[in-house]
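Consider the two complexes below, in which subunit A is the common component and subunit B and subunit C are the respective partners.
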Partner chain A sequence: MITVRNLSHSYSKDGKMAVNDISFEIERGETFGFLGPSGAGKSTTQGVLTGLLKLQKGEVTVAGYDLNKVRNERFNKIGVSFEQSNVYSKLTALENLKYFADLFDVPTRDPHELLALVGLEGREKDRAGSFSKGMKHRLTFARSMINRPELWFLDEPTTGLDPAIAATIKDIIKEEKAKGTTTFLTTHNMYIADELCDRVAFIIDGEIRLIDTPRNLKQRFGQKLIEVEYIADSRPVKETLKTIDDGDRRKLAGIVTSYDIVTMHSKEATLEEIFIQVTGRGLL
Partner chain B sequence: MKMLSTYRKEMKIAMRGFYFYIEIFIAVVMLLILLVAIKENPDSKQREYVFYDARPEVVELLFAKYIDEGKIVPAADTEIVMKPASFAVKNRDTGSTVSYSFDSAKTIMARTMREIDVDDGRIKKTIFLLDTEEDVLRLSHSSGQVGAIVSLGDRGTFSYRYILQGYETERLTNLLYVYNARSVDVLEQEMDRQAVRELGSTERLNARESAVPALITFAGSLMGFFIVMSYLFLDKDQGVIRALAVTPATVWMYLLSKTMVIMTTVLISSSIVVIPVMGLKPNYLLFYPFLLATTFAFAAIGLLVASFFDSMSKSFGVLYLLMIAFMLPGFSYFIGSFDPVWLRFFPTYPILYVFKMIMLGKPDVPYVLTASAGFLVGGLAVLAIANEKFKKTLTV
Partner chain C sequence: MIAKILRIFRRDALVATRDSMLILIIAMPIALAVGILLFAPGITDSSVRIGLLKDDGAEHIAFMENYAQVELFGSVQELERRVNKRDEIAGMVFMDPGYEIIVQGDEDPGLLNYAKFLNSLFTLGITREDATAQMLSFEKTVPPLKTKLVNMLILMMIMLAGMIISLGIVEEKADNTINAINVTPVSQNGFIVGKSLLGVVSTLGSIVVSLLILGYRDIDWLMILLVGLTSMMLTFIVGFLQGLGSDDVIAAAAGVKMTMLPIAGSIAGYELLAERWQWTMYWSPFYWAYKANDLILSKRADWPTVLVCVGLVLGISMLIFIMAMPKIRKGLS
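Right, the complex of A and B next:
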């Protein structure tokens, strides 16, 4: 669905690259996470793929369209949900969706149904300018689905939303995936990526350091750990032990037989920990 | 369909914002000013102080003739108080200067006449007949108005000495020289011999009507130029342009819809002013196409200017300069003697005069149509440049 070959992009003429010679492919129906801290090059890459930024260097095919040959009809297959909500504040929620529905040449979804999906039922006739930040974000998210996109770009889809709404948004993304929608998810939230993505790419300083499935990454870079808390000499002691280390395994057996155990959990390495391990940098 | 939806959406947004209502409100205010505060044929406040250095019977005979012809009507005598004053009067012909000093105030009852425009009956000026040359000098000095001393020569002809303020244009002083160098009869004979070719309509707009072309030019085209920029920057602030950029809609469609909203607003606001003031006099079949073409061109200029800036505040310097430049031809329109050639290159210059031509009701049809087509094509060219510029910058 997306093929990127040697993509580079710069905002200045001093040779400083925002994105430097990156290549990747995304299969149809795949949910692809593009992960990295702020300024890593995520938004620039998404900007080029969505056509908001002009392709400067490289070969990019999106939804079957070569980006070197600009054709607006490709947007019939694409949906984009922006990190910063951008709706017409003087139009109602319904008017916002109806207007955008009119711009597409393909059958569109019922605006009422979309508003209900993101929890905005009953607010159809309210102007978007009167909405809270979270409601505007949901309206922006709903708008990105209006044309039943085959390829869906989501930029920080749950940022700033309360947990219940964030869970609803995640459920919608999963439902769309089940329908075969390809999703390009840009985020710095590793838990969201871990939960939703088939594959993830780690990007930092404009370069992709690694692409793989979350499961493979955990197997490659993560170590199974046991966190154990026990009482020794009337004082609580907390230790983290590796299950693949013989010494740790013997130590764990000794603790279990000799002390009172308070808590004991198995623990997997998180994507965030793997990101730090791979890139040497945090996500914020 | 997309274009229609975009236009409908833009109109909804415009009608829910205050710029639209400001434009309508201004139009209503202008209409009220025109109808209430500006008379169709206002009387002139010009005064002239005259001393006839001739026998009273001759003066009476002269005025009786003018009154018969309807050029002058007598009015009640006016009490005039002259304050003490000192001043000098320079003779333009000889260069000599004579100083005058009046230490005491003086009150006179001046015989008063009103000179009437025979075409429309309005008062052209009020003439005060004074008893002495010194009174003419004193009043002309204190009031800043023209004074005249008319003497009857030996051969029965009048000679004139005018008391001017010194700042009159060369044209006026030359005109006075020519006008009084020969008798009116001789001048009329000379004028009759001239082959006169009429270049424009001899119809005239009254004072109220003559304000209309300027109002619809400045409150229409120029407001459109300003408002289209504010609409665009509002969209930029809300980020909706990025949302539009990822739909099959084109930048061209987006920009065109903006100009259409401005054209609709100007169409409404101009009609509010023009129809009640002008009635059926203008040729509306030419007025509306020309109005829309010029508004479109100015909206396109506004969009082109906006394409160079990120925000309204950053564009303000250029916006202000252009607004001033576009308003300059207004000086030429209202002050006929100010008409430098360079001013004719400003787009508002032809607009003012074409609107005036249309308001007169007998426009030069091919010229108006050519001008309309010119503004339309020019506007399209400017919009095309703005479109190319926006394609690179609108979503960044």
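Right, the complex of A and C next:
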């Protein structure tokens, strides 16, 4: 669905690259996570793929269209949900969706159904200008589905949403995946990526350091950990110990026999920990 | 693509009904047209007015009523007060051995000459039956003051077209929706045309309504609309540039208002400069628009002259358009 070969992009003429010679492919129906901290090159890559930024160098095909040959009709197959909500304040929620539906050349979804899907039923006739930040974000998310996209770009889809709504959004993404929609998910939230993505790419300083499935990454880089909290000298102490390290195993045995244990959990390495391990940098 | 362009226009029109500033901008020219009609008495009337005393001879009053619109006054003071008002009227008072003509001093020479002419005819006892000439025309079919005011109003409406576009772009920027449009099948050219349509339709509509209110029913409508449409091109460019370069409505409106400078300069140049210095204004498309409108409103226009003016307006605007387009495209990306 997406093929990227040697993509580079720069915002300046001093040779400093925002994205430097990256290559990857995304299969039809795949949910692909693009993980990296702010300024890593995530938005630039998504900007090029969505056509918001001009392709400067490299070969990119998106939904079967070569980006070197600009054809606006490709947007009939593409949906984009932006991190920063962008809806018309002076139009109602329903008018916003109807307006954008009319700009596509393909059969579109029922705006009422989409508004209900993102929890905005009953607010159809309210102007978007009166909405909270979270509601605007949901309206932006709903709009990205209006043209039944085959390829869906999601930029931080759950940022700023309360946990219940975020869970609803994640469920919608899973439902769309079940229908065969290909999703390009840009995020710095490793939990979202871990839960939703078939594969993730770690990008930092404009370069992709690694691409794999979350499961493979955990197997390759993750270490089984034990988090233990105990009382020593009347004070609580918390330690994280590796189960594959002999020293840590002996230390854990000593703690269990010598102190009062408050809590003890086994723990897998998170994608964030693996990201730090691979790139030497955090996701925020 | 036409359906999408019309959809953008329909959205803008809907938003305009919810935006008090846009409503004001669209309605203001109509209000000004009504103002011109109400507060400039007499400028819609091109007939000659003669003021006489009520105790003037019935024969003299009847004679004057044949050739002018006569107003009667009780005293010389009343007649003088009337003459001192803004519109043009010539007073006639009998002072032995003949009539004395009272004028304000700044009247059209044609009025004074006509009053003198009528007075001579009456004094010499000449009537219409004695006339051998067919017609004497001063070519004042439309009052010049009215033509100038209406012409200025039209150019102001054209400037407002730019402001409407500018405010539309500022709205898109404030709502961050340009990116959302850029990921739909609407092309950038389609978006630019769509965003321009509200300015075009509302301005041409305002021009038509204003001219109808002001009594210009028998002008060449095709000519006036063609000149209006072409002279809007430059204000569109200014509207897009100001909209893209401004972060709020006030800044955008202030920027577009700067267009008034070349408009006012063009009008002043056309009206005040001597014939040999007129060439100094040839660079301004508004100069040619004002000139064309002046001819059309005073019913002296012919198609070759209007087309030359339109061609020059288009040519100059196209040059500016070519220079400005990369910046507009970049701003909309």
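Keep in mind that, in the parts below, the second predicted complex is superposed on the first by the 255 of 284 C-alpha atoms of A that agree within 3 Å, B and C clash if a C-alpha of one lies under 4 Å from a C-alpha of the other, contacts with A are read in each partner's own complex, and residues count from 1 in each chain.
One rule holds for everything that comes next: a residue touches a chain if its C-beta (ideal position, glycine included) is under 8 Å from a C-beta of that chain, and two chains touch if they have at least 3 such contacts.
None of the values given here were measured: they were computed from a predicted structure.
Novice: After the subunit A overlay, clash or fit between subunit B and subunit C?
Specialist: Superposition check on subunit A flags a clash between subunit B and subunit C.
Novice: Looking at A:Val87 after the superposition, I want to know if it touches subunit B, subunit C, both of them or none. Which is it: first, second, both, neither?
Specialist: It touches subunit B and subunit C both.
Novice: Which one hits subunit C, of these parts of subunit B: 80-88, 116-124 or 152-160?
Specialist: Residues of subunit B that clash with subunit C lie in 116-124.
Novice: Of all the subunit A residues, which ones make contact with subunit B and with subunit C?
Specialist: Residues common to the subunit A contacts of subunit C and of subunit B are 50-52, 54, 72-73, 75-76, 78, 80, 82, 84-91, 95, 99-100, 102-105, 140, 143, listed in rising order.
Novice: Which residues, counting only subunit A, touch subunit B once they are in their complex?
Specialist: Contacts found on subunit A: 50-54, 72-73, 75-76, 78, 80, 82, 84-91, 95, 99-100, 102-105, 127, 140, 143.
Novice: Going by the contact rule at the top, pick out the subunit B residues touching subunit A in the complex.
Specialist: 1-2, 5-6, 9, 12-13, 16-17, 238-240, 242-250, 392, 395-396
Novice: Contact residues on subunit C for subunit A in the complex?
Specialist: By the definition above, subunit C touches subunit A via 3-4, 7, 11, 14-15, 18-19, 171, 174-177, 179-187, 333.
Novice: Would you tell me which residues of subunit A are touching subunit C in their complex?
Specialist: Checking each residue of subunit A against subunit C gives 50-52, 54, 72-73, 75-76, 78, 80, 82, 84-91, 95, 99-100, 102-105, 140, 143.
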